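A, B, C, D, E, F, G and H label the chains in the order they appear, each numbered from 1.
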């Protein structure tokens, strides 16, 4: 069967993240949230919600909007 | 009888004149010429042609064009 | 005690310089001689910031603290930097929210304050530095909470009152926590 | 003679500095040591300009001439300035077109050249300075007309030839006039 | 109040109503304070200029118009003001310039330093001129010398520089502020440009094409500089009476040196301090005076060695000079300096025998 | 060829392919000559910058890119270059700066003067740095020192200043021009910015926020300056062997002094000359050496007295120093100086007894 | 097969940015590095960092970098470019750096048509020195040197440097963009690429003015700062192509 | 009865101009002095002369004059005006002075809307220093620093400073005129008067750019120089009102 839409995922480097939350506010699918653990810099880094979801149920399109707006290049994006 | 047109005359200060001849070229009535005596600065000053003419025969209108273009304020204009 | 040097250290964003400045102004209003020396590293954004505040009843010859009496440490890199410098029997106030280990020194007194957590409860990260400051003055008795409040008022005059209250609360919570 | 100092003086517009410069370059090409010192008064337009050219077979220590051997005087103010300075037995070349009196000194030689009139005949005021220069070198034998021509060619290289010829004529007429 | 605010406050109290400056660390606090202070005064002007160059030229204009103007910057910015300072000196215009020195050369860093001494005292600008240079070493002196700076500037119609560093600027000490001057009571200046009303038109210029006129101006200035030297040269001496070694240091370095001297005194070393308060004119007399008794001087600067030349000129080889310098923004501790003093003291056998 | 043209020609022959400058009398001839000379070279660049400030910063860029750059100006314009010169020194960039001094301070006039000596030798810019300063006194030296200037600049990666005046610039003397350097044969510079191709990327900067790193840089520069002092210090001595009075003067003043000495020698006065060729580093050794025999030195400057400080530093009070200065663009005659020398000579009873 | 579609560009070193959270400098650095990689000019590029928050830009860009005195980026870049005409030379400057102290150098470099590219980071204040007024500070906007906010009569109005540069006869391409949204960030990247291409084709001076958030001195959250650019800053400084003598390349 | 209808204006001293024959500076001096007299502001006027051929302007104007360093006229005038806001302050500057070294000071004074008036004498070269290229030198025009005439690629193009100043938000009135003919001279006088009135009414920065013959360095007769302005210079620098926020006053 053919896929309707690409699925993707992202990784966020906790320690690079400075908690500006631009990714949170710009992700079209609202798949990023604020974690409550502090990183070493004293920020609450952003977290990808679907990390543990299996590919099939992911809503992340790998559009890279989050990475585009991330000032600190904390996000890497994967897509198939 | 009423005057058709104003008559005027000018005086040129020989020693102030630097011989640029702007007055010569701009006088609408061509009433200024180059004199052939040198002034102390070594210029051939401009000369008003009608100096010795009597008022009546003067063509000078006292328009002050010559004075307007004179960089060195060597010209004074009289009109009645 | 009549004379002391304190180092405040942390990340640029943590209000470290402000903390030291408030302390300095307050001591000043207590009639002390004060020197306040910010690390200019702070000019370059983000990097670690620190400042040294020396207070004394007489003229202060050098604002630098090669071995500070007190240290208020807001993050791990700063711990690494100061744990060796602080003088014997000195007091170190640690932000335990960000620092998961103890200093190697056992000849100093350590006070741990989970400033970020407390701040979270108060609902504003802005208060972290005031929480630490409250804890600091209470633990070291270098000056009174009231002097600090006066100092704050002087510095923030013109600014909107809400901020003031928030700071007050932060100071108190920090003070409570250590007393 | 092996060494001399000459002052050239007149109005800004009269090509005084050029006159001195041409003379300097020419002497230079004769293998002499030369100093050429323009009066900077000339930078400010219009005012009187003057320059001093010292030539010598050996190093020249000072380019200034407190009492020049020769003076080429292009206008009255310059006469007033230099008639007292020029050394005894010195030679003064006067532009008699613009100077209606003699220097008060009677211990110097005066050569009068109606440069402006001659220039008028030649149909170009531009030649006034060359006429005076021609007269000067001929009267003082400080260098040869040919050297001057070479100097001129060097300076004007690139410029259009017409100018060259005009200058040549000016020089010759000046030279003729005094010889 | 931190040091930079003290200068700003003392300036307005001294009648300064015109400040033009450009931001640069470590002196932004002064610029910012002036912005606030001038805004509060209805006759105050604060201009954040587009550059240091523009600022110093605005100061030239304000001074021509009779103001008591001030500008401030730090090392690189002060370099950019050199042409303007030369003009101020040449046109005999009063102005106060504050240099909060930082590490250099080039962009350097923003830590306290003393490496602009030559520039300040020798005139980094062109031509034969001098600038009065004042070096405060305490909060109170920041206030008092700022007041003096404006007074000297007007009295001698010359630019005055206050030479400090980031540490001075951040220092907080109890300070008694000088009273406010009522600007209305300041002596009228009969040379300013305020419109040729019921008087002939005036001219302020530095162009003197006639070399002999220019020479006269140069000697006139030189005479003025001699007078200034006679009248305002000043220095602090500290524990020099019985001293066998005298430390020479100014500003921040002098403070540190004092701490060091207190320490070595405890060890019984007879060490004193001469602290030049005016760097130009330099206190030559007091030093050469001392050289009759003191065999050894110890010069401490936060540079690779600049004021030490003035000390050498003052002592003319009559005593030994030991130099210790820490350039680049390093702030020595009293202990460090005490150690150095101690070494010299014993190497030279100055202890009682 | 007049002096300013000699510098311009010697520069291109020394491999200078980048000139940026801004007009100012009395050095326009050099700027204009460079315009023509660079236009003739297909790899030559001449830029008439919008200001002296822009010019010195273009020179910084050209130097970073590996050129042998030159700029020139006169006193007020040189003041505007001080920040840039401090950067050149800090970033260790080679460059040649020509200052054709004129009367100052301020706009002053355009006659020959020597009143920028302090600015040139003490660094009119901020921070601990020095500039090599060369003072030519003849047409031939203009050519030779210009060549040397570029060599020193590259060898020591430091700015070099040629300090002259309008008289030097106008002087015409027979000159043997140095050969053309084939720029291709110049040693490659392994530090320049020319694109990180097959090598790691490079960085040229002067910002050193870490004070200890800045201090290291300052001492590194200081060591370099010591090496320069050892290696290139130079001066001419003239008739000093049997001298009882030694004149110290540089550049134009030295020429005039020579004439004066020739005159007084005729009267039997034993007078000689020391002419510093490098003003920084200053020829201290030779002077202090002489001070063992010479009781009296006569310093002549076309200023109110600047180099005289270096002479005092060199002599350390060992001999008497007499100063004679003519600021403001006055050009003394040999007779005038001879008279002064004569007076001093007799006042001090230096004649054979 | 899954593949990485976004990662750190090659011409940025590994170093962690020292900039504040949400700072536009970080994004602009990344975009420039991406373009350098895509145009494959990394071995020819020479950058001139400013005095400003980006003074340490050389810690991030992995190309040759030469520091300019505050405001003189255009002059330094001119010196480099005239000496090495086939390299790609760019200056990176803040609004204080380029539009205040550097006004003359920038305008004259543009007018001479120097083949260089300037990136003009407009964050409405002097970030590095602690938030003083910049020529670009908006009317009413707060700064540490404009008590009560910038006032026209006392402090003057925002300066339209890019519009002035468009008048310079030697400028070929001038555009104003922003890095406050995905769309604007992509557009900014396109114009950075175009600016470099203009230089590669020797068409003259090119400049991209980039409205860039400064949450710290604006005293806003990063998200609010991003909004502020659309809702306020861009009203005074409209995002648009200001001059394009080149067209498609 | 016969009366004198033209004579030396009151605010010019008796001194004889040092300018060359046919020099525009002389005419411009006279016009400014006439306007000062007609507006009766001679007791309030403070002038700032430049470094340039007009450096000695203070020998002619019989009002208070304070010399500015080369190019800094606008900054010096700003300092004077801010200190004495009710005086009438003007700077007199050449094209090298105002459009090269003084670019930043002039643009920022205009942008701040300083209530000063600048007279910008555009004679296409550096007259005082002997005819080097000015920012305003025309393409192909000769100068001592542009061998073979100014070339766009090597030397850049003429700079349109007045047009840039028109963009400055604080400038109120900018006009370009010339003094090469009776008509243009009269027009120049009118705009000088307007510029002063703009300042008197505190409307902001006003500037008159005046194309001015320099027969000496143009190497032309005065009459040809006058023609050259109409036939050549004005093609590059059109005579017109460039900005007028004020209208009739």
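FYI, contacts are C-beta pairs under 8 Å (C-beta built on N, C-alpha and C of every residue); 3 or more make two chains touch, one makes a residue touch a chain.
Please read all numbers here as calculations on a predicted model, not as lab measurements.
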item	value
Topological distance between subunit C and subunit G, in contact steps	1
Intersection of the contact lists for subunit B and subunit H	D
Intercentroid distance (Cα basis), subunit F paired with subunit E, Å	28
Whole-Å separation of chain centres (CA-atom averages), subunit E against subunit H	40
Approximate Å spacing (C-alpha centroids) for the pair subunit A, subunit H	61
Distance from the mean Cα position of subunit D to that of subunit A, given in whole angstrom	87
Contacts with 2+ other chains: residues of subunit G	17, 19-21, 23, 51, 55-56, 67, 69, 100-101, 103-104, 108, 112, 128-130, 135, 155
Per-residue overlap in subunit F, given as positions that touch at least 2 other chains	25, 50-51, 53, 76, 83, 87, 91, 106-107, 109-111, 205-207, 209, 331
Junction residues of subunit D, two or more chains touched	13, 40, 43-44
Of subunit H, residues touching subunit E in the complex	42-46, 48, 51, 55-56, 58, 61-69, 72, 75-84, 87, 104-105, 108, 112
Residues of subunit C touching subunit G in the complex	12-13, 43-47
Residues of subunit F touching subunit E in the complex	53, 75-76, 78-80, 82-83, 86-87, 89-91, 101, 103-111, 113, 115-116, 118-119, 122-129, 205-219, 221-222, 303-304, 306, 309, 312-313, 316-318, 326-331
Footprint of subunit E on subunit C - complex, ascending	24-25, 28, 31-38, 40, 43, 59-64, 66
Residues of subunit D defined as touching subunit B within the complex	10-11, 13-14, 74-76, 97-98, 116
